[in-house]
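Just below sit the structures, each encoded as structure tokens.
Two complexes, one shared chain (chain A), two partners (chain B, chain C).
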Partner chain A sequence: MNVVPIGPIHPILKEPIRLKLIVEGEQVLGSEVEMGYVHRGIERIIEGKHHLKGIHLVERVCGICSYIHTYTFAECIENYSKIEIPDKAKYLRVITCELERIHSHLIASAVYNFSIEHETLGMWGLNAREHVMDLLEMITGNRVNMGYNLVGGVRADINKEMIDKIHNKLNELRDDLKNIVAAFETGPLIGLRGKGIGVIKYKGIMKTRAVGPIARAAALPESDWRLRHPVYKTFKFKPVWFENGDCHDRMEVRHHEVLGSIDLIEQALEAYNECAGDVRVKADIKGGEGEWRNEAHRGEVTYKVATTNNGIIKRILVRTPTVMNIEAMKIMFRTCPTISDAVTTYTSIDPCVSCTERTIILKDSKTGKTSNYSFNLI
Partner chain B sequence: MLIIYMCDIMSSTLWYLYEFVRKKRIISFTCAKTDIECTIPPKRYRKVPVIVEFPKKCISCSACKGACPAFAIELVHNEEYNKKIPVIDDGSCITCALCVESCPTGVLEIGSVREDVEGKDFSIPKYTNLIIDEELCVNCSLCKNTCPVEAISNNERTHYIIDSKCIQCMRCIDVCPVIDAIKTYDEQQLKEKIKLTYDLKFNRLNKINNIETTDNINNTNNEEMENKNKNTEKPRIVKSLCIKCYNCKDINLEGINLEEYCINYEKWNRKTLEVCPTTALRIGEVKKIGKIKDKCYVVDEDNCIGCRICYKVCEVENTIEISSETRMPYINPNLCVRCSLCYNECPVYAINLESTENVKKLYEHRKVNNEFKEIITNDLNELSLKYINSLSEIKKEMKKLNDKGT
Partner chain C sequence: MIKEFFRKRSLNLCIINTGGCNGCDIEIVSTLAPKFDIEQYGIYVHNNPREADILVITGPVTLPWKDKLVEIYNKVPEPKIVIAVGACALSGGIFKEGNVYAPVDKFVHVDAKLPGCPPRPSEIIDAILKIVPDAIALREKAIKNEEKEISSENLN
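Coming up: the complex of A and B.
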């Protein structure tokens, strides 16, 4: 048995993480994951700050899915302090969130295609993504760290020109995507590199609590938290799911979800056209604590926040989806015949390392006991 | 073979030449232009950094400085405008536009945020938060009048700051006549208090240090017990100061009820006093002490009409008393906080500002006068009572004597 170390700095990795693959020849037998290279302690920095400053820090938890973090944070506080936000803001939030989902899934698919050495498809995906980024810039004012959400609504309204532009761009995107999906489904080499590799089934998912596209690719459509969200419930929406639970299916879930997101945006725009009024209400925050979950692009994201009377954050706890998905990756590695397949498996779960590095494990120097850093315990 | 090959090459090069040297292609190649739309950023695009667009309007309130989450703004004195004006560090700015929204006069601009959000509800983020102590507030409305954004309001008992409007300009603190009546707590302080709370809650202080400290803690516990016996005074919660951070409840779950602001004295823990960031948990009385010492208000008895409005209006206890001799009010300079409430309320301008030494002399004179008068009246009362009693006794005995005589 030999060990192949990958990382923390390596050309295939976008973010620092250390993978140790235990191999026999080319066959991958097991793996170890080491993290902690980009731990920033955002939760500790937020303590004692005003909620509007906190929302900009929370946005920087993740580089790609920045909006969903502000969305969950704002909804968590609104939920327990009983702030009713206007209808316009609800639909604008859905539109921005789904646009971000599209760009996140497209970048995931591009990275996967690069890792199986199919650069043409990867470039097609990135090309389609650029238009979505332009739409985000037009609506919110920035491309990645948007600063669009506030507790009590969103910052700015959209006008009719913007709505027309969104419709046009989405129609173009749908055509582009159908082309990409057809190429991905029918390409023989793509199928060879993806089908039956990195398999995880129901049993493994129950063991590791994997979420998001990974669970949905293994025939678990209920793992989509959008089904339980009060605003998404009003739309016609069905979660995408596949049966095999391999790398190919995980990417298929993402591709079909992008098409679903386009439909959702169009429904949200229709609903938005019927609303009137302002996009923001005054946030009158009461002291207390609460919890809220949302479907991020990689799975379920949980926020637990405690605030004082005038909205100063006392305590915050974040759990991101990649925490569970990286654990599931260890099971997937068992069905990787070569080391390069292990790399594609790693990219197929769309890991976000800086997102994941939230947990602190505390070690008692006296007794040697370890315990997790949690909301109520230490 | 070679000839065929040559012909092939010739034909293909001819085709390529024919294809590329079309008029259309040459024109498009020579007159190539990028679309103008690509070079112009969209209207809402927020470009780093924030611009100081109308420096004339600036009131140097430092709201932008307090709102910035990245500490990118500093107020620097500008000689051209002769006031402090925000200077933004390009490298630190994160384009969150919180400063643009919190500016009360609309000085700053980024993208089109100022136009987009004009007139919308916004709770201003701050580094330093202000809070008024209701036990020290004298209800003089000086802070309310100086506040540039109308963030201070009042009810019958006290003034209070509306937190979502306050811009931490600290002008109310400068104006307030009473020392420490407006309290501040900033991010750093809160962070330390929260950390201390969790250290106490999970006994982390004992764990980190060695066994020696545990002995110390036992000793301190004993000392605390002694202190408890000495201090029989009971703690209370000041309603207006409590921000419901639940720090005290984290340590002492059963002892404190924050919904009804009451304390269970049997289970109350003394450590909760250290943890409170705004000193809302309190033992003993607090004194209202004025900032101004060299001057004091005094009642001019020649002009006073005895309406006693000043007596009713004054919020500091026992400061204005009414002399029994002249039936006019006089002010105690040792207790007066110089809040100017009586001065403003007086209908005949009978209250003036004079140096404290003179006022003290006048006060002592009036007080002694008053006391003498009281002593004399009391004595007279007693004497008259005695006189009446003795008179009635004499009359009774006279009657008895008369009866015997008859």
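Coming up: the complex of A and C.
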């Protein structure tokens, strides 16, 4: 038995994480994951700050899915302090969130295609993604960390020219995507590298609580939290699911979800056209605490927030999907015949390391006992 | 002579995320896209420190990176150029109060600094193209002078 270390700096990894693969020949027998390279103590920084400062920090929990974090944070506070936001803001939030989902899924697909050494499809994915980044820049004013959301609405409105441009770009994107999906489904080499590799089924999902595209690729469509969201309930929307639970199916789920997101944006634009008024209300935050869940691009994200009457954050707790998905990866490694398949399995769960690392452990200096920093401690 | 000529034009790039939020890395990856196309300038994003010419460091330095950053910097062959990208790498940015040891230039020698949260891909390409050819030429000269001095000392 040998140990093959991958990372923290490695040609396929964009984020620092260390995987230790235990191998015999090329067969992967087991794995160890070493983390902690991106631990900045972000929950601790947010404590004691005003919510207007907090929302900028929450945005930088992760750079790829920055919008969904502010979305969940704002909705959590709005929910327990009973702030009714304008209809226009509701639909603008849906549009921005779905655009970000498209860009996140497309970069995941591009990285996967680079890792199976199919450079053409990777470049097509990156090219299609630039359309979406242009739209995000037009709506919010920035490409990645947008600063668009607020408790009580959004910062800016869109006008009629922008709506026309969104329609045009989405039509272009849909054509590009159909091309990519057709190439991905019928490519013989892509199937060989993906089908039957990194399998996780219902039993494994229940054991590790994996969420998002991983659960949906193993025939669990009800894991999509958009089904339970009050704004998404008003749209026509069906979760995508496949049943084999391998690398190929996980990427298929992402590709079909992008097509679904384009439909959702068009429905949201239709609903937006019928609304009038402002995009933002004054937020009167009441003291209290609450919990809110949303479907992030990698799965379910949970926020627990406690605030005072003036909007100072007492305690915040974030739970992101990659925590569970990295556990599920250990089961997937059992069906990896070679080391390069282990690497593609790692990229197929689309891990986001900077989302994941926030654990705080308290140590009593007198007794030396350690305990978790739980939400109810304050 | 030929090596010097081509070294200024074909460069290997290595990204080191020392604990940032991923935003800068995503913008560096999107420079690969056909819209920006970093490879037409002869720059290859390979993420391998042992054959890199340029190190792009993003993020405030977290606790495990304190020693490892210097370790990786020493593994890169001379001449090497370091570019610090993003507000976190320059000053700690939004994470300054947290468990970080920013800025990067406390630990390694930094040749270029690129502010922004995150900077745009076109700015990243611009910075690399502006700083790197001259910086590599200067560094190579310095190494040659050192070698000459050492050899002359040995003769004496």
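One rule holds for everything that comes next: the second predicted complex is superposed on the first by the 364 of 378 C-alpha atoms of A that agree within 3 Å, B and C clash if a C-alpha of one lies under 4 Å from a C-alpha of the other, contacts with A are read in each partner's own complex, and residues count from 1 in each chain.
In this text, contacts are C-beta pairs under 8 Å (C-beta built on N, C-alpha and C of every residue); 3 or more make two chains touch, one makes a residue touch a chain.
What you see is a predicted model, and the numbers here were worked out from it, not measured in a lab.
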Partner chain in contact with A:Asn145 - chain B first, chain C second, else both or neither: both
Which of chain B and chain C A:Lys14 touches, first, second, both or neither: second
Partner chain(s) touched by A:Arg280 [first = chain B, second = chain C, both, neither]: first
First, second, both or neither for A:Lys366, with chain B first and chain C second: first
Touching partner for A:Lys88 - first (chain B), second (chain C), both, neither: neither
Contacts of A:Val38 with chain B and chain C, given as first, second, both or neither: second
Contacts of A:His248 with chain B and chain C, given as first, second, both or neither: neither
Contacts of A:Leu57 with chain B and chain C, given as first, second, both or neither: both
Touching both chain C and chain B, counted on chain A across the two superposed complexes: 56-57, 145
For the chain B and chain A complex, residues of the former touching the latter: 42, 44-46, 67, 69, 94-98, 111, 113, 116-117, 120-123, 125-126, 129, 163-164, 187-191, 194, 198, 202, 204, 207, 242-246
In the complex with chain A, residue positions of chain C that touch it: 14-27, 29-30, 32-35, 46-49, 59-60, 62-65, 68, 72, 94-95, 97-100, 117-118, 120
Contact set on chain A toward chain C in their complex: 8-16, 36-42, 44-45, 56-57, 60-64, 66, 107, 111, 123, 126-127, 129-130, 133, 143-145, 352-354
Residue ranges of chain A in contact with chain B within the complex: 47-53, 56-57, 137-142, 145, 147, 150, 152, 155-157, 278-284, 286-288, 306, 308-312, 314-315, 364, 366, 377-378
